[in-house]
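You will see subunit A twice below: alongside subunit B first, and alongside subunit C after that.
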Partner chain A sequence: MVDLFDWKRFFTNIPQIVAYLPVTLKIVFYATLFGVILALLVAVIRIKKIPILHQAAGIYVSFMRGTPMLVQLLVVFYGIPILMQQLFNINVNRWDKIIFVYITYILNQGAFLSEIFRCSILAVPTGQLEAAYSVGLTQFQAFRRIILPQAVRVAVPSFGSDFIGLFQNTSLAFLIGVVDIMGRAKTIGTATKHVLEAYVFIAILFIIISLLVKGAFYLLDKKLAYGR
Partner chain B sequence: MKISKILTVVMMSLVSIILITACGTSNETKTSDANVKTIIVGTGNNYEPYCYLDKDGNLSGYEYEVLKAVNELLPQYKFEFQTYDFANVLISLDAGKIDIGAHQYESNDERQKKYLFGQESYTTYTTYVTVAATNETVHSLSDLQGKKVKTATGSNATYLLEKFNETHKDNPIILAYADNSTDEETVVGLTNGVWDAVIETKRDTDKLNKAYGNGQTVLKAVGEPVATSKTYFVFAKGNTELQAAVDGALKKLKESGKLAEISTKVIGGNYTESE
Partner chain C sequence: MGFNSIYFYDSLRSGIQYLPNTFQLTFIPIVIALILGTVIAVIRVYRIPFLAPLLVVLITLYQGIPLVVALMIYHLLFIAEFNDFAAALHLDTSMADINLIWIGIFALSLQATCYMEESIKGAFFSVDKGQYEAGYSVGLTKLQTLRRIIIPQVIPVALPMLTNNIVGAIKGSSIVMVIGITEVLAGSVIPSSKTYAFFEGYIAAALIYWIFTILVEKIAARIEKRGDKYRRNLV
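What follows is the complex of A and B.
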């Protein structure tokens, strides 16, 4: 058992793992893009307290935030086909597995981001809105020109840490057989009988990604720090 | 301004890369004959040499090779392969996501109740209590009472151990579930005492000794076999048409010696009829 780590294996693994980086990036990309749209909708519904939708949004957010991601993935993967079959009589069971992964991560991000957006909007003092109305801005103008710029500034740091978390969460997709960088590391381990090198590289890769994301958000935060 | 420009460029290039790759994968055109029925095969990706991904990331292994040969004899079907982790293969069969489960499945009562098993086996599967080579105290299943055995959810070994515990309630074997663990974990865990034993075939033990032993024996099988069984392909209840077709093809492969050939080539010995 002396042969646990070998640099040669470490370097041969790199291209094989990096080849699967687009899978991970795609999950993050779709989850963020559609997650933000969903989150804005939910945040507005909850702030405006639109009846029925408001309660439904509350249940959705607390389910997504209160259950493990793993459970959500399995519920979407096995549950949505049953639901679709019963409601619309369409068989979606044979859809590509990656679609179920996208749906899960979009729903999950939608819930987490909606809370970030909601409290960022609420963090802007009501006086700001009243002042905007008093100078004759419409509701939309007041939101776009006065509330949003201030809310974004509050949201950026939490959004950043959520984004880094999302990258790490994508590794769960391997459970239903979607091979991402984490899954590839594991399958390399199975095929070559040496898994440590692959895991070490994954760790380095995740650190690099998180540093890049952190750097980008730091710059964004600095740029948005006007009037401070 | 400069920073925002850089950020925009980075974001735009990321978006375009992702969109391009996304288009690339969805453009695959499917040219399928109307008479050819597509069958989804669910298998694993974490059990070398039965089902694993090769260095290019393609599925390979014994399950894949056998089913490919079966498919060649059944032109009315087109097999497509999907990989899951072990515990999710049979759940996917329940859910109707796949038509055939292939992951060295042994038959037992619990599984028989839920699934349709093939009639033709394609590998023998004789499992033993397997311990670290230095272990001198364990010789049989009953020696393991009160000790930890590494096992996986949904495996036949788990089923057998649970059966054993039903009749030994006073001092049961402790089941340590380690789902989708690696071979490396198995060897390290057994040699440093995290677990006391695993239940596996002799050929799996040989494989581990060869891979990690540095010429020495690190694990050994002890005592009588825990179970002498065979592995079968698993179908959804009621899908007798597919089951009969696959069985017929397997029978032909056995008679022609092709199955033995695949076994020797992929597993390293003929394990189709006897050990």
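What follows is the complex of A and C.
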């Protein structure tokens, strides 16, 4: 056990791994930003039941929810180069691997968040919309001023657990060769033959992040509970 | 480059052969999680001193660890310590005798237990407090109240969450590929290693998982519908 886990190695690993935390944060940032935009689009398509697009969106959401994240990542990683070559004759071999990670996580978040948004919008009683129309608000005004504030309150807890899930899922990116905190741990492992300390530190790091996110969403949820 | 349907069928066939492994990696953890999760949920519902707060802390912390990280740590510990461990217990087994799938099942079980406990606890809290009091007032013991009054009401509430947990476990089972267990995902790309048709292989894996989860959801919806028949609406 002495040789397996060493505190000195543990502490020398910390700065080396933390240096790669921005890679993980970037994945989360892009996935959330573009994921929300995509999700809003998909949610609107599904609520308005726009023909053809509605069915396509249904299949897309079902696929993203029914297959493992890892499989999606690998399908994108091996599929996009073929697609690009066939359709646009673009060679993507020079692309940074992290781009495939961004694409996968945006697509994945788009599907999961669209379901959260759709359910929260549908959770607002129809009477609210009718009331808004009856006082003369336009469709957009009614959505922005009446429906959205109520839907956001419903969506916050689910959005929070989805966000924690997203953070944890970023730990899969190293499997296609991206050097994030997990990838760095792997390279530390090949260089020093001791990798347990690195993984233990990453586990602690993820626990801290999840507690922080949980705390933040708890406060947000409390703040949004006006009038309850 | 392009989509080769012959390679795709090869991968599909190869992936389906490893479905039993994915079944094992899904349903053994689910059964363990159901049992452990219920026990922990009951401990938390009855607020058993010392044990309840300890378990809350442990579960909250453990939920923060991604499955890959946990899997890597268990795998490392297993490689480094198993032979010493077996020698200390005077067991006549060595590392080579143990199927790696059990490490996957172990990691998946712990993770599933955390999620299952959360859902079961939520279902317990959905039962009105008056139900416990009513049980005690007619002279039932704590255990009798739990078994005859509370649990029958918990099950219909917990079922939809159980479905979510099963789907989550199916998806989580693909991650054990990283420690070298061959299940549907790894199985689907076995033919690809000869032909370099990895895209076809992963599409095949995705299709198998997709059908598997849709089937689980369809079956669960049926069971939920059947359960609804016995739920009277009092209001």
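To be clear about the criterion, the second predicted complex is superposed on the first by the 226 of 228 C-alpha atoms of A that agree within 3 Å, B and C clash if a C-alpha of one lies under 4 Å from a C-alpha of the other, contacts with A are read in each partner's own complex, and residues count from 1 in each chain.
Here is the rule we use: a residue touches a chain if its C-beta (ideal position, glycine included) is under 8 Å from a C-beta of that chain, and two chains touch if they have at least 3 such contacts.
Note that the structure is a prediction, hence the values are computed from the model and not measured.
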Quick one: on subunit A, after the overlay, do subunit B and subunit C clash, or do they fit? Just give me the call.
clash
First, second, both or neither for A:T67, with subunit B first and subunit C second:
second
One more residue to check, A:F112. First (subunit B), second (subunit C), both or neither?
neither
Please work out whether A:F159 is in contact with subunit B alone, subunit C alone, both, or neither, and reply first, second, both or neither.
neither
Does subunit B (first) or subunit C (second) touch A:S171, or do both, or does neither?
second
Looking at A:L196, would you say it contacts subunit B, subunit C, both, or neither? Reply first, second, both or neither.
both
Does subunit B (first) or subunit C (second) touch A:K26, or do both, or does neither?
first
Subunit B versus subunit C as contact partner of A:Y102, first or second or both or neither
neither
Could you point to the stretch of subunit C, among 8-16, 26-34, 62-70 or 80-88, that collides with subunit B in the superposition?
80-88
Residues on subunit A lying within both footprints (that of subunit B and that of subunit C)
1, 4, 78, 81-82, 175, 195-196
Complex contacts: residues of subunit B adjacent to subunit A
3-4, 7, 10, 14-15, 17-18, 21-22, 40, 45-48, 52-55, 57, 82-85, 88, 91, 95-97, 180, 182-184, 187-188, 191, 211-212, 214, 218
Considering only the defined contacts, which subunit A positions touch subunit B in the complex?
1-4, 16, 19-20, 22, 25-26, 29, 78, 81-82, 91, 93-94, 97, 174-177, 179, 183-184, 186-191, 193-196, 216, 219-220, 222-223
How about subunit A: which of its residues touch subunit C in the complex?
1, 4, 62-63, 65-72, 74-75, 78-79, 81-82, 85-86, 164, 168-169, 171-172, 175, 182, 195-196, 199-200, 202-203, 206-211
Of subunit C, residues touching subunit A in the complex
1-3, 60-61, 63-70, 72-73, 76-77, 80-81, 167, 170-175, 177-178, 185, 198-199, 202-203, 205-206, 209-210, 213-214
